[in-house]
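Think of it as A, B, C and D in the order they're written, each chain with its own count starting at 1.
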Amino acid sequence: MAPAPGRQERIPVAVLGATGSVGQRFVSLLDKHPWFELTTVAASAKNAGRPYGEAARWDLDHPLPESTAALVLTDATSPVVERLVFSALDAEVAGEIEAACAAAGALVVSNASSHRMDRDVPLLVPEVNPEHLDLLELQTWKGGLITNPNCSTIGLVLALAPLHRAFGVRRVHVVTMQALSGAGSTGVPAMAALDNLIPYIQGEEEKLATETARILGRLSDGAVHPAPITVSAQCNRVAVLDGHTECVSIELDTPATRDEILAAWEGFRGAPQELDLPSAPAHPTLYLDAPDAPQPRLHRDLEAGMACILGRLQPCPVLGWRFVCLSHNTLRGAAGGALLAAELAVASGSSPLALPMPQL
Amino acid sequence: MAPAPGRQERIPVAVLGATGSVGQRFVSLLDKHPWFELTTVAASAKNAGRPYGEAARWDLDHPLPESTAALVLTDATSPVVERLVFSALDAEVAGEIEAACAAAGALVVSNASSHRMDRDVPLLVPEVNPEHLDLLELQTWKGGLITNPNCSTIGLVLALAPLHRAFGVRRVHVVTMQALSGAGSTGVPAMAALDNLIPYIQGEEEKLATETARILGRLSDGAVHPAPITVSAQCNRVAVLDGHTECVSIELDTPATRDEILAAWEGFRGAPQELDLPSAPAHPTLYLDAPDAPQPRLHRDLEAGMACILGRLQPCPVLGWRFVCLSHNTLRGAAGGALLAAELAVASGSSPLALPMPQL
Amino acid sequence: MAPAPGRQERIPVAVLGATGSVGQRFVSLLDKHPWFELTTVAASAKNAGRPYGEAARWDLDHPLPESTAALVLTDATSPVVERLVFSALDAEVAGEIEAACAAAGALVVSNASSHRMDRDVPLLVPEVNPEHLDLLELQTWKGGLITNPNCSTIGLVLALAPLHRAFGVRRVHVVTMQALSGAGSTGVPAMAALDNLIPYIQGEEEKLATETARILGRLSDGAVHPAPITVSAQCNRVAVLDGHTECVSIELDTPATRDEILAAWEGFRGAPQELDLPSAPAHPTLYLDAPDAPQPRLHRDLEAGMACILGRLQPCPVLGWRFVCLSHNTLRGAAGGALLAAELAVASGSSPLALPMPQL
Amino acid sequence: MAPAPGRQERIPVAVLGATGSVGQRFVSLLDKHPWFELTTVAASAKNAGRPYGEAARWDLDHPLPESTAALVLTDATSPVVERLVFSALDAEVAGEIEAACAAAGALVVSNASSHRMDRDVPLLVPEVNPEHLDLLELQTWKGGLITNPNCSTIGLVLALAPLHRAFGVRRVHVVTMQALSGAGSTGVPAMAALDNLIPYIQGEEEKLATETARILGRLSDGAVHPAPITVSAQCNRVAVLDGHTECVSIELDTPATRDEILAAWEGFRGAPQELDLPSAPAHPTLYLDAPDAPQPRLHRDLEAGMACILGRLQPCPVLGWRFVCLSHNTLRGAAGGALLAAELAVASGSSPLALPMPQL
């Protein structure tokens, strides 16, 4: 694994919204991270001043690192001193706070939807559109802002990108079966989830369509031109803790055989793999042959939860091909994806983080 | 509700495969049925001779009727004396036993897949293709055989039929999220269902495609000509006890507005409603306006579990329109559907049951 | 079933806290009730003025009665005109509002814990301590107040009462496995319930001990003298929608055989059965012989959810006997229990409802 | 961690019953084990000859090690060449096969119940009764046999042992809420687990009582004299994947304060900790202060799933003290516990393994 280029010490980072479901994943992933050191955890004003270990209802199945437990929470609306900031804030408050951090000089990598569609903000999937990082140069903040797509978009885009490169993807029909953690740790009541599913997630179907087109879009003349891909999405919440499963049908521009499609996924590598980034999965798209794979409980943690797990590739009599993909929504789909984006920004030198922090 | 035409006493009926998940639903529905009286329960040889109440692991949340509990199980491979036989046998054994019953003069209404695609066997959804009952006349058995479609097909076909009549349905993309009971009461291990879903149900995707085309097909010259509808299905098992939910996208022959589609469902009635059959739902297709409906736990029992519950009608940028439908897989999708088929056969007089039982 | 004594028309009733989980059960049970007619539904101020069907997130698997859906919600803090009031308010606000209703002349039957331990308030399980209704005479309100015990207490007390009468119960050890609905429809997040259980329910262990002793206590000299029964309770929340299961071990004053204990449960009848109250279960304590009964999903709805379902009676080498009991926590343990209490108060004539409402 | 005493190379080991739920845990734990190397995987005759990776339905959320996937399954009834054999066979076949292996000279460490109560077979919990290994000398086989207790017993005994040492435990009341994996990967149908619990596990209540007394018993004159501890157990199956939770009440011989009990757990160490065995948890009994701990999903993997996690210590008005304990049933309660037993046998030199394998 590449060391952080030209650097002896780890870069101090802050996590905003650190007590929530995604915030906890950030905290967990930053423990022993080779490049980054968690120095600030911030949350809502009412928890400011409390030790993290006391205020956060730790929800993961491995223990909270003791050093992090002792960190005292700050108010997320206060300025942070770190030059790298991860935001797991709710969309309602994220927009303003993130802009303030970026204005103050930090590179903000956000998991919130607030700025995803801003003209000059990269909506980044590091293996797919690393060149969108060039948008950072257009930003007028002293620092910068990168956004992480919606959790269900990331899995889909990873699955589509190699096919889009090789054959062109024209139309996509996707039905998602999304995990509970995607709604936050208290977002779905147990009474609504047990012996049930909910065929609706507010705003999700729109996000899948618009974000996919933007991520697969081309950057030219300082703007992202969305890919001419039509996406129809139906989104469901099911009784799964982690891992979004998606049933996808696609129409390609150029006909492709089953072997060609499998080869496209098999060979897919991107900037994170080339740069050997700490959080990069060896195989960003991993196809499983078993007839009943992928399954969320069995496969979401493959490749440390950072890959898109694929299966069930079959001809689709309506659109051409269909398959199933699975991605871990709070790892690849949230904290892990944002971490990888930050690693790419740092390693590629294309980020404003490189300017104010020459020691990198 | 119409009385059984011209008849004072209830028709004695047998249920084959009475101890299983669908068999129990038959037993439950036949309790206090106005036309039919359960007189024989049959199961595998190893349970023959035992009281039903002892041999069946009753799995429903309402009590087993005491009179049925006392019925002594017979061997399903033995001849039955009843002229009306419901079969909930496993497909492996159903084919032969059902044929023997039909040969012996009974009208068999089967939930098994064995004979569904037989050229001269009606694959019946009473609201949709009652005229397929005419196939009975082509059968060479002394009695007759009617089949009930696959549980996921029934919900889909009910949703499609009114639209197909009004606008023509050309292409269908469907992703199912199917209940555990569809695999029988012990079909899915808890370890495979909890915090998980399985994106595969053996043979299901093919059945959805072929059965849908046959049911919506036209009977002429003594044969069913499948409707020219292309169906692409992806089938998933989810942690829901009862109720199959399906995300459907459709392409129509004739453009239709949202209001026209809603009106087609709203106004949909068929032979069961016209004949006021005992098990007929008032609204075979029932649309719910709530943005997050239908949900299996909340809505599967509407219309006594005999309707297709619809919701989330929206434009689909890929195919035209998309919606969600839900149907109770062991009621409408199995025992209830078969019961309704039997009622239709009896009431319409088109069945061989009318011949050997002139008192009807 | 006895008609409401000497009355032609149904008694108008109000339900406070009508939109919540228990409130919905009240609404459901009052539909078509032979004695009572739901005329007012009240909830928090923010919902006042909205139709019930719009404001309530109906959570039951049978449809909301249309007449109730049309009722306009009032503010629960406003005076109600009905002389019979059911309260499903949260404990935080219930105390004051219920007292105000009682002061204004209504008979309040409350499911909240606020007044359960008040010296002059009956904590009523109609089969067990109907004589505690005499406490109403000591109340200084113009109307009166009856409380329903905690949901886990009711099942336990029904199981214990016949044994206490026959043999004396001295010590009780109980471990509960309680349903999600006991915490309200949004009380437990799905992330906390799936693949998990929570060995803690705030305040529940204390309630089980103190309420049990009070309900089984003797009324004399105008006060309830708690029964000298020691109860040790450990309470757990498990992933079950409805139905509290309790593992109980007991020490008796007088030795009893297995047959004697079974006979005590078998023969148990109380005032509701003698008076043939509309909501009275035929068998308030129902023992099932199957080695793996009772189970919440299969048995909670026996006797319309109004009984304590028993099973697994075995010698306990530590205390004497042990068994398992199950009761439906939102029916018998909440709305159904309160309804039965109201029926008893009306039918027995011991209630103040009889005084200001002579037409009863 | 101590190296395997005096040994350069890893000891080859066989796993019988390798494809099942516990067998998979053995396979997983033996991957990269510092002392043991998995060389033979055996299963039922019908799978013999197939590669493990093909025959086993791998059910764990981390990948099957590739080297193990390639191992060809042998028939478990055939002789094995390894001197150390782990058995995860079903009790129906385990007894005979294990005896044959022991007779052939192997040290068998078994997870099956067949030989647990044999007079000369250690029923071992390494921290609790390491001296029971001396029973091996009484065995007449050329090799030897050690058994691992029932999964629910292990958690209980770990919790009791430090208290028994310090204060004497006289009477125990325990109610278990056991995980699905305890019944094997297909043991409980999903229809029986969802929205349900089962208050019965065949034979489990007896095992908890007799095994606990034996493990805490004293070895003298070549026999184990069971501890005079009365245990009353009620066992339930709940919808949890892994982790048995137990609500325990105890009566002590000598009164103890809360602090004394906590100190006994805090200070508890045994032979595995003293010998620094590879699979030994640092804290075999770990108390959590949170009011709602322990919870299976959150805490079963603490100490790598090898500890008894405790919480909720409170006075019990019936027996004295009560608490909740949790242990991972397929790790500490099965494969992990057996592995630790084998490590102890090897490291302590008290095992026959030391004799025929002098290179140790």
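In this text, a residue touches a chain if its C-beta (ideal position, glycine included) is under 8 Å from a C-beta of that chain, and two chains touch if they have at least 3 such contacts.
Note that the structure is a prediction, hence the values are computed from the model and not measured.
Trainee: Moving step by step between touching chains, how few steps can get you from subunit A to subunit C?
Mentor: Counted as steps through touching chains, the separation is 1.
Trainee: Quick check: more C-beta contact pairs at B-D or at A-B?
Mentor: A-B
Trainee: Could you please state the distance in Å, as a whole number, between where the Cα atoms of subunit B are centred and where those of subunit C are centred?
Mentor: The separation of the two C-alpha centroids amounts to 40 Å.
Trainee: Let me have the rounded angstrom distance from the C-alpha centre of subunit B over to the C-alpha centre of subunit D, please.
Mentor: 49
Trainee: In whole angstrom, what separates the CA-based centres of subunit A and subunit B?
Mentor: 43
Trainee: Where in subunit A do residues touch two or more other chains at once?
Mentor: 59, 192, 194-195, 239, 241, 297-298
Trainee: Help me check something: in the complex, which residues belonging to subunit C touch subunit D?
Mentor: The contact residues of subunit C facing subunit D are 171-173, 175, 177, 192, 194-200, 209, 230-232, 234, 236, 238-241, 245, 247, 249, 291-298, 311-312, 316-319, 322, 324.
Trainee: Can you name the residues of subunit C that touch subunit A in the complex?
Mentor: Against subunit A, subunit C makes touches at 21, 59, 180-181, 185-195, 239, 241.
Trainee: Under the touch definition given earlier, write down the residues of subunit A that touch subunit D in their complex.
Mentor: 58-63, 194-195, 297-298, 300-302
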